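Next come two complexes built around chain A: one with chain B, the other with chain C.
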Partner chain A sequence: MTKCEVVIVGAGPAGIACGYVLAEAGVDVIILERGQYPGAKNMFGGIFFADQMNKLIPEFYTEAPVERFVAKKHYALLINDSEVSLNIDSEEHKKPPYNHSYIVRRSVFDKWFAEKAKAQGATIICGTAVTDFVWRDRRIIGVTADTADDDDNVLLADVVVCAEGANSMLSEKAGLRNRLSMRARCISVKEVIELGKDVIDERFGLTAREGAAYEYFADATPGMLGDGFIYTNMETLSVGVGVVISELYGRRNPPSPNQLLDRFKNHPCIRPLVKGGKTLEYSAHMIPMDGFRNLPRFYTDGLMLVGDAAGFVNNSICHEGVNMAMASGIMAAETILANRQERRYDARALRQYEHRLKNSFVLQNMKNSRDFIDILRTHKELLNNYPHLVQDVITSYFKVSDVPKSTVKRDISRMLRSRVSVVKAARTVMALMRGGI
Partner chain B sequence: MNIIVCVKQVPDILEVSVDKETNTLIREGVDSVINPFDLYAVEEGLRLKEQYGGQVYVLSMGPPQAIATLRQGLSLGAERGILLSDIGFAGADTLATSYTLAKAVKKIGHFDLVICGRQAVDGDTAHVGPSLAEKLGVPHVSCVIKIHEVTEEYMIAERITEDAKEKVKLSLPGLITVCKGINEPRFPSLKWKINAARTRVEVWSAHDIGADESKIGLKGSPTRVVKMTTPQHHRAGQMLEGPVGEQVADLVSKLRERQVL
Partner chain C sequence: MATEETNQLSLDDKLFTVRRKTLNQSHITLDERLCSECLNRICTYVCPAEVYVWDEAAKKIDVRYENCLECGACRVACEAIEWANPAWGTGIAYKNS
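Entry: the complex of A and B
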């Protein structure tokens, strides 16, 4: 049986970051990845929030395959056939390090990052799916790959780091999380649409390597807890929608995620942005929505969970995933390094990992937005009524007519009074401030 | 048993198409794979090793990216991978290739058996195996479909010809080329994948193997491609009509006419 010091399952941002730090310190580390290459199976929106990356590999963006940096952000409420939006266009974000926000394609980016870890001395084995853990005396001592019945497919290690992402099959097997609830996962579908750089620059008002991130709420996924997005790659757009899986059930004729995407693409405010493009890729992926209160246990004897496997995604307005994935991977590595001399990786020794998480933005941000999803779930008006109301208020106010503005204002306040309870709205806002955003 | 398996990286024939103007293969954007026959050669080498002990080396001549093919050999269970790569090797025909491989085998030194795939699917000549045996001064058996017996001195191999199977006694050291059907190639195991990732493929130049420059690459290749044509497939289809009985009778008489039956 083959043996090494640390086995990492999964070569996404969490696993690679962990492997990078360990290899840099001279640890004998092997990363196992089921895709044919790192990134082959990975997709996200996406903005690579990269302040962790910039710490690990300073000015990584000068050599990494980055499509564009995020120069413009656009937050929009989609309502029926219109949108109300907020644009953020800041000169500050157009200068290095670009607010640590880079649009990347994971299929090439993860590959690049993996090469960097290899250069540090990490071994990365692709085309290998880990199927289970190897246990001895209720302690994890390794993993089995592909077929378990043969010693040649067993890899033993002092400690295992599980960076398997949102599927969580292994974390369940380790007994660290319960069976996935459909409330705790969002399903996202995305198309990569080719338009060419010139068309994209013109439609989104960009030049050179400037990019735009458009986030859509409310009727992006009508009546459902979800959102839509458009991100500009260099020559293509990433266009997608995500919806909490449980929202699709318990309905008569639930729409399929791709129907939702089609509807989104055909919204009158979206269509002009994507029209004439050729769809090159179609993909789907899950996003953890465990939320702070339902996070799994992060470690057990011989094992730590990092990244999406541990549920570290900030589900509030800025859905930060990769940054937390990398940070948790790095903290797991640091925990291993701190215990390396004694070679003790039992649960007591690994408790240090949780301390590190608690003292970092990872768990603090998770805690900060602990109620976000619940608030949306229990205050459906946030996604349904309020956006429509905002829309009605704004369109009435700006309507050009001979009705005096004083009358318009009176009508608006009547409309507001009839459609919202001020007390309730205030409570919702308070709740959001406290534990939502 | 020390076994050297010769492997070649070829364009994935499932993806290749022919340029209608120049009649050459369009290789751009086509993935490279291990020559399918060589996969059987590697597998047979591994099985012999597992049964009789020893080591398996994989050997290839090709551009630097052919390292991937040798890695594949390592991930299946070979101990050592050697790539012969040198600008001077470019443009080699089968004569220059077998000369080059022979020089490398001699550098490796001791071996009991060399195994090649029957032929490479991008050239289909089936020259290199037998020619290599000649250059090494060892006997060979081509198109082997089964190995019956192996001793220190000889092996009994079954080869397949167009209309027969032959059992041949081959004294060792020797060389065989293998056909599809000799075995079912395995999938790489985790242990060997790790080994492959951690084993450096050795790269040898013309100088390293002490090759005579006039015998390698284009210079050492008397073969000249005079013309290339793409085979045209003429299908003279004919539909038979009428009741089934008549159709069958008709078909039989047509087949007799053409002396198929």
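Entry: the complex of A and C
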């Protein structure tokens, strides 16, 4: 049986950030990671929002293995076989610090970040899956790893930080949340497709280390609450789709995530971007969709939840995730440091963690878009009918013909009125403004 | 096999791209009594690796745990599935994701 001051479960952005801050302050901290190396089990779409990272390690992007920075953003509605899109190509985003948006590969990046924490003095043990907590008097005093029957596999600590990720079984075991519901998780699959730098630069109009982030909605996941994406790595593309798990349930002929991805890759507007490439890796991961109203409790006696395990993903158009994970990890570390003198880590002492979260962008942004997913879920017309309407309006308005534009406009306005209830649409937009985006 | 032009791989080919170490012991257990009564079988389509396959002859779910990508979607979708992290650092190890 070994003992240390702080045990962190999981070497992702949240866990490593927490370990980094603690080790820097001289705390005896051990990070347990279930993968063979940090990043082995980690996967996300591709964009790393790095303002927190930049605070922790200023100008980290000069030495970190980032692929490209996000110079171009592309938001598109896929509608049947067509696309209506918005391109954002901002000069402002092409200067350091590049709007704090970088495209990274997690298996490489997390490994680098873990080395940084090690250099501060944190210990990282890989290949160790934490199975449960060790309790004494209703207080968490440590963790057990792999096989619990062996005393060697128990690690005791003053306080445990759970950075287990989206598939968090420990937060359930600690009684901080109920078993995850399929409404609270999105399943995302991705292929990393090799095309070479030149082809990617040409297809996406990029130079040097400029990168592109393409997001697709509506028929990217037909009739379902989800989206598709393409992010440019240096030599490869990350191409994927995500869909809320409950959306697959109870459908006639439900598609599997893999079939959704194949369908997306084969869309006439996507195929030219990915064609000819070689798939280097297929991967899958869940994304928290808890939303502000269904977040778990963040702490109990001897334990704090950080990152995806706590559900800190802002499910708005912005997709904030990694920055929130890192911020929560840092705040958990600061809470530990503030209580370190008395070595008191019971629930009352750790309440400070929640205060810190509430006073930061983490919970404030989550609160700001608290209804976004629910509005999309309950107003399916936002995903199904309205995009088609947009497409129909645009195509009829720009149609070249000898019909006078005044007649076209009259027809469009008739079509709109027959297909949309103005009052209902206005209400939906109001609701989105209030608690969505 | 992959067709060069469209870049469409079969699922087996995709799964073959993932590096992994497999223990010959499953990290997934099912409550088979619940499976035999299940009408929806969400496990057969929610899994990105199609680990769960309904065996009509044996009237049970066949679990190909060695294909698992460790996302946990099955566990979230169905309460009859008990899923644990593969022990000792086994399972997948992404290199490019």
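Rule of thumb we're sticking to: the second predicted complex is superposed on the first by the 437 of 437 C-alpha atoms of A that agree within 3 Å, B and C clash if a C-alpha of one lies under 4 Å from a C-alpha of the other, contacts with A are read in each partner's own complex, and residues count from 1 in each chain.
One rule holds in what follows: contacts are C-beta pairs under 8 Å (C-beta built on N, C-alpha and C of every residue); 3 or more make two chains touch, one makes a residue touch a chain.
Not measured: the values here are computed from a predicted model.
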Q) After lining up the shared chain so the two structures overlap, which partner does A:Lys111 touch, if you call chain B first and chain C second: first, second, both or neither? A) neither
Q: For A:Ile30, decide between first (touching chain B), second (touching chain C), both and neither.
A: first
Q | Touching partner for A:Asp146 - first (chain B), second (chain C), both, neither | A | both
Q: Go through the superposed model and pick first if A:Arg177 touches only chain B, second if only chain C, both, or neither.
A: neither
Q. Once the shared chain is lined up, is A:Thr2 touching chain B (first), chain C (second), both, or neither of them?
A. first
(Q) In this superposition, which partner touches a larger number of chain A residues, chain B or chain C? (A) C
Q: Tell me which partner A:Val274 touches in the superposition: chain B (first), chain C (second), both or neither.
A: second
Q) Taking the superposition as given, does A:Tyr282 touch the first partner, chain B, the second, chain C, both, or neither? A) second
Q: In the overlay, answer first, second, both or neither for which of chain B and chain C A:Thr123 touches.
A: first
Q. With the two structures laid over each other on chain A, which partner does A:Ala40 touch: chain B (first), chain C (second), both, or neither?
A. second
Q) Which residues would you name on chain A as touching chain B in one complex and chain C in the other? A) 127-128, 146
Q) For the complex, which residues does chain C have touching chain A? A) 2, 4-9, 11, 13-15, 17-18, 21, 40, 42, 45-50, 69-73, 75-77, 79, 83-89, 91-97
Q | Residues of chain A that touch chain B when the two form their complex | A | 1-2, 4, 30, 32, 123-125, 127-128, 145-146, 150-155
Q: Can you check the complex and tell me which residues of chain B touch chain A?
A: 187-194, 197-198
Q: Within their complex, state which residues of chain A touch chain C.
A: 34-37, 39-43, 105-107, 126-129, 131, 146-147, 166-167, 169, 179-182, 184-185, 187, 189-193, 236, 238, 245, 248-250, 254-258, 262, 265-266, 271, 274-286
